[in-house]
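Below you'll find the structures, each written out as structure tokens.
Below, chain A partners chain B and then partners chain C, in two separate complexes.
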Partner chain A sequence: MGNQSISKPELLEFIPKPSRLPAVPVDGFIGRLKKHLFSNIWNTLLTVSVFTLLFMLIKPFLDWAIFDAVWSASNRRECLNASPDGACWPGVIQWFNGLIYGRYPNDQQWRINLGFGLGILWLVPLAFKRVEQKILIALSAITLFPFLANFLFLGGSDNQFNYIVACVGLAYLLILYINIGLIYLDRKILGEYLEPLIGRFYQRRAALLGRLLCWLTVTVLLAFLFQNLTLLLVEVDSWGGLFLTLIISGFSIVMALPIGILLALGRRSHMPVFRWLSICTIELVRSVPLITVLFMSVTMLPLFFPNTMELNKLVQVLVAVCVFAGAYMAETVRGGLQGIPPGQFEAAKSVGLGYWYTMAFIILPQALRAMIPNIVTSFISLFKDTTLVSIIGLFDIMLMARNISIDKNWLGLHTEPLIAISILFFIFCYSMSQYSHRLEKKLKNK
Partner chain B sequence: MSERTAIEISGLNKWFDDFHVLKDISLTILEKEIIVVCGPSGSGKSTLIRCINHLEKHQEGSISIFGEKLENDKKSADIIRTNVGMLFQNFNLFPHLTVLENCTLGPIWLSKIPEVKAIEQSIVLLDRVGIADLAAKYPGQISGGQKQRVAIARALAMEPKIMLFDEPTSALDPEMIKEVLDVMIDLAESGMTMICVTHEMQFAQQVADRVIFMAEGEIVEIGPPEQVLKNPKWDRTSQFLEHILSH
Partner chain C sequence: MKNMTKTLFIAMIALCGMVFSQVPASAAESTLKTVQDRGYLNCIIGNSFVGFYTVDKTGKWSGMDIDICRSVAAAVFGDKDKVKFNSVQWAQSFTSIKSGAGDLLSKGMTWTLSRDTSQGLDFLETYFYDGQGFMVRKDSGIKSALELKGATVCVLTGTSSELNLTDFNRTHNLKMTPVVFDDSGVRNTAFFNNNCDVMTNDRSGLAAARSTAPNPDDYFVLPETISKEALSFAVRQNDSAWANVVKWTFNVLLEAEELGINSQNVDEIRKTSTNPVVKRLLGVEGDLNKGLGLPADWAYQVIKQVGNYAELYDRNLGPDTALALDRAGTLNELWTNGGLLYSKSFR
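And then the complex of A and B:
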């Protein structure tokens, strides 16, 4: 460190400028309107003309959709008689149940509601502050919930495995909620009450075993409790509507991320076999349209299985959509991986972390965080893309909407159902993007 | 200083494509020895210690750590993990983890220490480098000097016997250099084997057992600090020293 021999430049004298007046606060609705829309003459003119234009564009639509619309009628003829220039909503209203549940029997629809309710309940704890190990909750939801849902939605009596896994899942959910209650009451969680008991026989791992034992007990209890429950078998063919759309998109959204991560890692791998396999999969899938992948899976997948095995269409579609979404996700994830500075790999290596630990704890968390907006964008487009399954004859919400127009009462009613499902899609997609904004903000603070 | 050999480098040669970065380097470092490496930019100092940490692979010669030769296998990775810690010029903390999590990650997942105990130990280490109160902060919220001290604590958490430093203070403002150097001096006095690439000559004079001067991929001068810094045998060394001392 040296002697400061270089002479410093002469310092200029500091002359303060007079401070500005404090900003006048503009409060309230009127104040804000004034500030942003009518601050000067040009702004006022612009505002007025834009609003007039908007009004002229939207007015006819509103007239059609609301003011001249017919809300109750029993067929399309009545609608047309009542108001020839208005929308005819009764068709949509009558078919609404079909739009949501497809051709699922009416008296069984509580199973769908219950299933989705449980799914939401499963994810709610992720938002609680004091709940720990949220990763485990998410993982359990991903691995166990599908079985529970399948058990509920499909029903039937000859599926022991499904029944047991469903009980395991339900037990997990029950314990989760009891534990959350206990945590907020500042008590010990269920498993810890068993800890001293187990500790007597087996010191090590007593905490873990306590939890597992508790889980097992509740599972067995539940399995006995529900052993006489038989749900009516509802074949996959009659699943449909928004329900089916949510199943397909939900499943593929959940699967796309792990598939995408594996493919992206494979693509960067130093092992040629994995690298080339990944590159081929990604490039092949990305260069054909989803419809082609769907058709191929319906016609080609059966070739790989023995003749005796009957594949159901839903499974084929799920496979196709997952692979398709995974390939796109792989490129998104790869973009995130490329943004990680090499220093992070070196630091991880010098701490001694191996490849998988480095990826799991250091690289992927950062890469995925940076990629949240892109990931959610692909989720949203995937959600909308799933409407394509109507083309291969699954009665998803799109096909149900088009079915309205061939119902003999509502023959030719095309526009209204499409608008109705657009609103439904908007609600889902908009909430997804809002959620991602919130997530981004929350993670940015760290 | 004990008589056990910590690092043994013999006939080390390394090329980047056809650029000969390290030329026939041989060096024996004893346990608890403090080595300071200096030399002009591009002379291969970083490459040398990155080879010791196996971040770079060498083409000829051998490097042994406590008698175990480094190869490209899992065993070498374990040897390095349990014996060697490294610090970087730009800290390379994990930005998505808190200061404490940065330190406990290795112990929990690699040394399989129970979480509670790992946290206790890391707090002790953070206290030792003087920043226990920052444990809950994220790297983005602390100063450069504090970051480098976290990096030291993170490396120490793996209980290494050898620490490598690659210009740990050259990305820092002058007033933060001292706080990091103090920690390094403390480490040196506690009996750590250290190789420091640094241009802090005061530090070299105070704690180094030997100073190495590198130029163009070769060790051109090696010896106790008084000899290398005060009476260099080689012109290049004295020119370089004059240069860094004058600025």
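And then the complex of A and C:
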């Protein structure tokens, strides 16, 4: 430094730039229109041409679907006579019940409504702020609700085990709601009232035992209350419509995550048997189209079983769809796992956590949270993929819609039903994606 | 650990062995016995086929094939509702019969040599004679299939219609261009929107399609029939006891029509008739049921609950239905009226 000449730089003077004019306030709807759409001649031209194009595209559709459409008729011929170029909605309206419930007997459809109502009731507490142990509620919904639903939907009287588990589930739901009421009234929850009683005989774990005893009592009460209730047996063959679509997709969505997690962990495991079994399952299932897996399970499986054994088509389909969805989910989860920095594993190890604790409390929560968009994407595509079961003869919403065009009153009516179920599908899929956005936002704050 | 792997391995091999060893165990017992033990009949049909098997908005099946299945159930159990309908895809129909998932295949399937010989099926009787035809627009002025040179033809892919069309094309050197579809609804719409000049299908299918046209009178089915489509039902190969039951149940439908017995007058005739043939058929006299292994009133139940062939036809395909197929003068008349339906002797 010493030898270098030190020249003093000239000091620069700060000359402020003239400040910009304040933005012209855009006022009102017209002002905004002017600014964004008609600011200069090119924009005006563009706007006008785009709007003309849109008008030209949408006008014929609206004419067909709404303005020229027929809303009441008793068969397609009447529709065609009234308005040959319009949509014929009465067919869809008359079949609407069939689209929703499939071939389920009319006078038994309250059971489906009740079942889905209970399912929703079960999940509602998850949104309450003051409810604790939400994981337990979710777990109970996954493990107990299927039995309750099966009891309601299938009916029949020869399955004692299912009846008892259904009562256990119903008791849980009942206690859950009573307890929520008590919590919001700032009272003790049901099980705690039994605590002193149990404490007299058995001090340890009195709280837990109190709850269990309360659960058991309500279960027994319910089991006696409903013991004379026999629901008419509705065979799986006559399940259908949106109801069946929801059952298949709901079940496989619920099962896909655990299967996927296990397969993903297996694939990253250091034990060769598990690793190779997982890899084989994932790669085999992923490299085959869903329709092939379905055909295999429905057509090929019966060949391997004895003649007398009757395989339930729905069960075959559920297994096939679950394995398929699980394999895709495994790769999604694995993507999440690989995004976790190794520091996390090492940190967990250094605290002394074992494999399962590390996975359950450190790694998976982060991995799954990061993967929510992908997971929901595969749920949505799974929901839509379930329409493929119509090809193997399950009367899901797609096959019911196609059957409208074969009904003797509505012969040839196949565009309108497809549009109707597209709207239904849009509602379901869009709400799923909106829910995932909300979930992401909520989890980001944590 | 090593021990466990070994045990697992052996267990897996044993499991595979158990699963695969059960494959040939099926052929021993007659389907009739299996069906009677099970308490209901498993009938294999397709997804939907106007007039042959369709489901209505309350979920009830109806159609020609449905009634065939119901009549077999009526013969075996005396109750036409003791039947389950399994609708399967085309490719599945053969395996469903082979695997025993279905007892009776009645899905508007054409009786062909290759299906009879290589699919493990025995075709028994033909309940509907159909043939492939062409439908054109009236204003095209075409009056015969031989004038169709260079025309575009709407056809369902993978069906025998497509193959027959190719044959017809080659035989008469017509250079027609097929436009293939895999859904009959889409094919019909394409034809009605003038995307092709001609539509080809079985004549019953053409009649159904024509009735869905915006204006059916604009269309015209050409007189030529270019193929033989004998719609028949089938059962698993080499099971005579069961095949007899199904075959003779169908013969009851024909015999009843020939003798003028229908579901309305069967009770009356059963009481009053002095005709020995009628008495034998309705189980008043003789023991025709013994050889079949069915109850004495089996034929009576079929007629009482399902009807005779004419009733089946009128209900599902006749003038008052969507298909509106006229029976007179076709092959689907009784032999006494110049048709091909001929019941064997009830003796």
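As a working rule, the second predicted complex is superposed on the first by the 391 of 446 C-alpha atoms of A that agree within 3 Å, B and C clash if a C-alpha of one lies under 4 Å from a C-alpha of the other, contacts with A are read in each partner's own complex, and residues count from 1 in each chain.
Basically, a residue touches a chain if its C-beta (ideal position, glycine included) is under 8 Å from a C-beta of that chain, and two chains touch if they have at least 3 such contacts.
Because the structure is predicted, anything quoted here is derived from the model rather than measured.
In this superposed model built on chain A, chain B and chain C occupy separate space and fit side by side.
In the superposed model, the vertex angle chain B-chain A-chain C (Cα centres) comes to 140 degrees (nearest 10).
More residues of chain A lie in touch with C than with the remaining chain of the pair chain B and chain C. By the touch criterion stated above, A:Gly354 is placed in contact with chain B alone, chain C being left untouched. In the superposition on chain A, A:Asn97 makes contact with chain C only, not with chain B. In the overlay built on the shared chain, the residue A:Ala65 is in contact with neither chain B nor chain C. Contact with chain C, but none with chain B, is seen for A:Leu411 once the two complexes are overlaid on the shared chain. After overlaying the two complexes on the shared chain, residue contacts for A:Thr299 are found with chain C alone; chain B is out of touch.
After superposing the two complexes on chain A, the shortest C-alpha to C-alpha distance between chain B and chain C comes to 14 Å. Taken together, the chain B residues at the contact with chain A in this complex read 53-55, 77, 80-82, 84-86, 88, 90, 92-96, 105-106, 109-110, 138, 140, 151, 154-155, 158, 174, 200-202, 245-247.
Those residues of chain A that touch chain C in the shared complex are 76, 80, 84, 94-95, 97-98, 102-106, 235, 237-238, 240, 273, 295, 298-300, 302-308, 311, 313, 390-393, 395, 399, 402-403, 405-408, 411-412, 414-415. The touching residues of chain A, when paired with chain B in their complex, are 1-3, 5, 341, 343-344, 346-354, 357, 361-362, 365-366, 369, 446. By the touch rule above, chain C contacts chain A in their complex via residues 5, 8, 19-20, 22-23, 25-26, 29, 34, 47-50, 54-59, 84-89, 91-92, 95-96, 98-101, 185-186, 188-189, 208-209, 211-215, 321-322.
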